[in-house]
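For reference, the structure discussed in these notes is given below.
Each chain carries a letter (A, B, C and D) given by its place in the written order, and its residues are counted from 1.
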Amino acid sequence: MIWPVDLIIMVLVMICGIAAIMVRDLLGAAILFGAYSFMMCLLWAIMGAVDVAFTEASVGAGVSTVFFVAAVFRTSRRTKD
Amino acid sequence: MKAFALLTVLVLGGLLFYATPDFPPWGDPESPASLHVSPYYIEHSMEDTAVPNIVTAVLADYRGYDTMFETSVIFSAGIACLFLLRVYRRKSDKTRLYRHVHTGVTLRIAKGGKLPENTDEFERIDSLWVPYDLIIKVCSRLIVPFVQLFALYVIAHGHHSPGGGFQGGVIFGAAIILYAISNDLRRAFRRLNERAALLASAVGVLIYVGTGLLCLLLGGNFLDYSQLAALLHTNAIMARSHGILIVEIGVGLAVMAVMVSLYYNLSSAGRHDEGL
Amino acid sequence: MSAHYPGLIIVIPLVAAFLVLIGSLLNKRLAFPLAALALLGSLLTSIGLMIRVMRVGVVEYHLAGWAPPVGIAYRVDHLNALVLVAVASVAFINLLGTRPLVADLFEDRLGPFYTLYVLLVTGLLGIVVTGDAFNLYVLLEIAALTGYALVGMGEGRAPLASLNYIFMGTVGASFYLLGIGYLYLVTGTLNMADLAVRLPALYPSKVVVSAFVICLAGLCLKMGFFPLHAWLPNAYSHAPDPVSSLVAPLMTKVMVYVMVRIMLFVFTPAFAFDLMTISGPMVWLAVVAIVAGSFLALSTRRLKRMLTYIVVAEVGYMVGGFWLGNRLGISGAILHIINDAVMTLCVFLTAAAIMARTGSDRIDDMQGLFKKMPVTMAVFVIAGLSIIGVPPTCGFFSKWYLISGALAAGQYGFVGALLLSSLVNLVLFFRIFEIAYFEPFDAHHGDPSAGHGGRVLSEVQEAPLETLAPLVATAALLFALGIYAGDIVSLIIDHAIPVGIL
Amino acid sequence: MDSLLTNFLAKYNYWVYIGLVMIGMYAMIAKRNLVKKIIGMNIVQTAVILFYVSIGAKKGKMLPIIAHGHGDSGHQAVHAIDYINPLPHVLMLTAIVVSVATLGVALALAIKIYRRYGTLEENEIAARINEQ
């Protein structure tokens, strides 16, 4: 593994995680959470956990995001924090 | 609340931080976790199960019991969502809205009146403005079969490459969800309706549990696939390999059906109307 | 076939859960009989397993035919076997006792309800029987997930309470998983017996200490131990009646069992009681839990809510008794797991039967119920006496062991808390008995303008026979457990506790 | 100082995991919006998964798929030291499934709450409950 790539992805994971809980729009939060999952999946792929990364890519970044969007669509995008 | 949250988080962080100096260095091949049980898996999975992907071998055979419950977890999530959200409504005699597919004209039909449900000429809609995008519909329809084919490949090739029942099932489910998003839920119901999805999820897990039970009836312990050798006309090792494939198919079926059913219930809030 | 009992005890209800769903797709009325058959099957196998364990000692079962550190193994000793029988019988009795209620409440979703019910019981049985730390986590999640769904179907605030329950439960389970991960990091194994062998060499390591703390914190969160109990009263009191009479007796007790199992058989008693100096603080926390639970129960006028606060206090009994660290205390805690499961089942079932008839859960609306529902109220009195701790019933005996354990350990605060809580329970139950027995009832009792939906009392009649039979059976069980308490302790619990503990 | 630095660099994965657990827990306690809390819950779960995957990692070793595994059984002996530890990966596959299952149920409950109270903010829900 190449440490600069590792480091960049880790920083991105943290940024996406913080952004997902800070942003004041739930649809945005859902998409940022998808990005977070995808970064996480890259991190795991780098660490050699290919099966876990594959699952996270299809579940975390794929289906989970769809569920979030569906739930936000059925409720509201509004949030105060 | 924020101060309390910060305090809790800091205490927790401190606790986790406290132990870290005693961790073995990251990525160390000599760390205790890599020396006790896992070498057995790495060195013996090939001769025990004839499956090169060690993760699949451990997942579906050595620790197959965990995976059986993992599938049951996802099954119970599907049932839980249905149980919580589903709204059963009697056929209302309110006004119904239909759209003529080829022209995009919306028809409003008053009390009791009804258009034939299963024609391609008209489709039922639930609000006056429902987006209708031909390009997206056609493009998705082109993509869906390839996604499904890939999903089947992932399930079938889990022995040799990353993948397996769970990933394949999710991708297959995602293909159907894509179809449901680009068209609408009613159309997706024509391909895979609610009862079929429920039945498929239960049957999928039953394939898994039933395989285990069959091993038990054949005289071995629960989930001991080597007992299937007599039925499959192979030796014990290949029987394990085939047993893994059978349960992976079960997992794939169950996961696909549950993902679709979760999407149906979440996207329509249990009403099973046109969805997103 | 008896060699396969440990496997069958889980497989029977698991297969049945899917058959219940498939059956209910064909015909809704198939759901209940299939579920009842499944739970009867697992009750019978658990009794068979108990007999086998008493005859031959520890029973091992290797799933998929792989020996323990490589595969997953069940290791059933006296402790598991006892709790298994308790869980299976409570779940079975509750299933029978709540049939009319469920048919009324969930008319349009009987299939999903019974599927979730059977899966929940499967999860709990699996937690008790398993000998693999990670397998326990998966089963924990099955039990929790089905529990969230069942709780969330209640009236009013139930979904919110259930969502809070999800947050707390998930954090608790994640902590448990993290603790197991820490142990895996330094030992490389997940099997409980193997962990117990490999851990002693590593006791000085900070990783083991944090694993211990994180695991314990997660389990305390899951069982609703005092400072972390906030989710419990809301979730249990807003849940639908047939669900709270399943979840309240079993969930917390099974989690206490998990704590006993992890502390005694993964971290050995030498580590848990001697090396880690938390026994004293844990007992004092239990004292606070008991006192707080009792007074919170005193402050409410709603029947179900009062009972949930009593559950909070009872968790304090068991945790405190366990952390006394001596044989008497631990025996008392294990005996109380069994007794409290049956007692809680009994009070919640009677509460459900009463509320089904009167339509209100206010204590003040129970006037004149002794005349209207004599059998139900008689059972309620027996359960109440047992919770207070009056001799022929089982509640007395576990309290006796707990108090003698506390005296032996010199923890007088715990003795005081137990006595105080008995006193408060006395007040709580006699307040209800008084209202229900002495206060005259008029046709329009209560306050109609309050709009609580209470029914006119003259219409109230005795609960149906289907509900009464299980109620009377549980009441009889309370006496039986009391009468045979000595035998249970000497024949079963004594073998369950490691010999090192005096 | 030097040992502290090497300690820091040798375990940077674990710092990230601790940071993510803290972020997730903060969101679960401090945020009032229910969907935000659900996101926080998921972040905690993925952080635990990151921790487990980090346990299994071995620098510069092969993926846990045995090379030349096809066909005849005359392949070379397999040495455990050459492959990444597969057991944590197996456990985490299960954990990911559990997290998506929890997510589904939590979102279903959030929709149910919204249907009943018309909002997802905790303080507004409390106000609605008090009104009733």
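The criterion applied here is as follows: contacts are C-beta pairs under 8 Å (C-beta built on N, C-alpha and C of every residue); 3 or more make two chains touch, one makes a residue touch a chain.
Small disclaimer: the values here were computed from a predicted structure and weren't measured.
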item	value
A-B against A-D, pair bridged by the larger set of C-beta contacts	A-D
Per Cα centroids, the chain farthest from subunit A	C
Centroid distance [mean C-alpha coordinates] between subunit D and subunit B, Å	19
Between subunit D and subunit A, distance of the C-alpha-averaged centres to the nearest whole Å	11
Between subunit D and subunit C, distance of the C-alpha-averaged centres to the nearest whole Å	29
Junction residues of subunit D - those touching two or more other chains	12-13, 25-26, 30, 32, 54-59, 61, 64-65, 87-89, 91, 93-94, 97-98, 100-102, 104-105, 107-112
Residues of subunit C engaged with two or more neighbouring chains	134, 138, 141, 145, 148-149, 152, 159, 184-185, 190
Numbers and ranges of subunit A residues touching at least 2 other chains	50-51, 55, 59, 63, 67, 70-71, 74
Touch-based graph of the chains, sorted into line, ring, star, complete or other	other
Pairs of chains satisfying the touch condition	A-B, A-D, B-C, B-D, C-D
Complex interface listing, subunit D residues touching subunit C	25, 28, 34, 37, 41, 44-45, 48, 51-52, 55, 87-88, 91, 94-95, 98, 101-102, 105-106, 108-110, 112-113, 116, 125, 129
Of all residues in subunit C, those that touch subunit D in their complex	134, 138, 141, 145, 148-149, 152, 157, 159-160, 162-163, 166-167, 170-171, 174, 177-178, 181, 184-185, 190
Residues on subunit A engaged by subunit D in the complex (per definition of touch)	1, 7, 10, 13-14, 17-18, 20-21, 26, 29-30, 33, 36-37, 40, 43-44, 47-52, 55-56, 59-60, 63-64, 67-68, 70-72, 74-76, 78-81
Subunit B-touching residues of subunit A, taken from the complex the two chains share	50-51, 53-55, 58-59, 62-63, 66-67, 69-71, 73-74
Interface residues, subunit D side, partner subunit B - complex	7, 10-15, 18, 21-22, 25-26, 29-30, 32, 54-59, 61, 64-67, 69-70, 73, 75, 77-81, 83, 85-91, 93-94, 97-98, 100-102, 104-105, 107-109, 111-112, 115
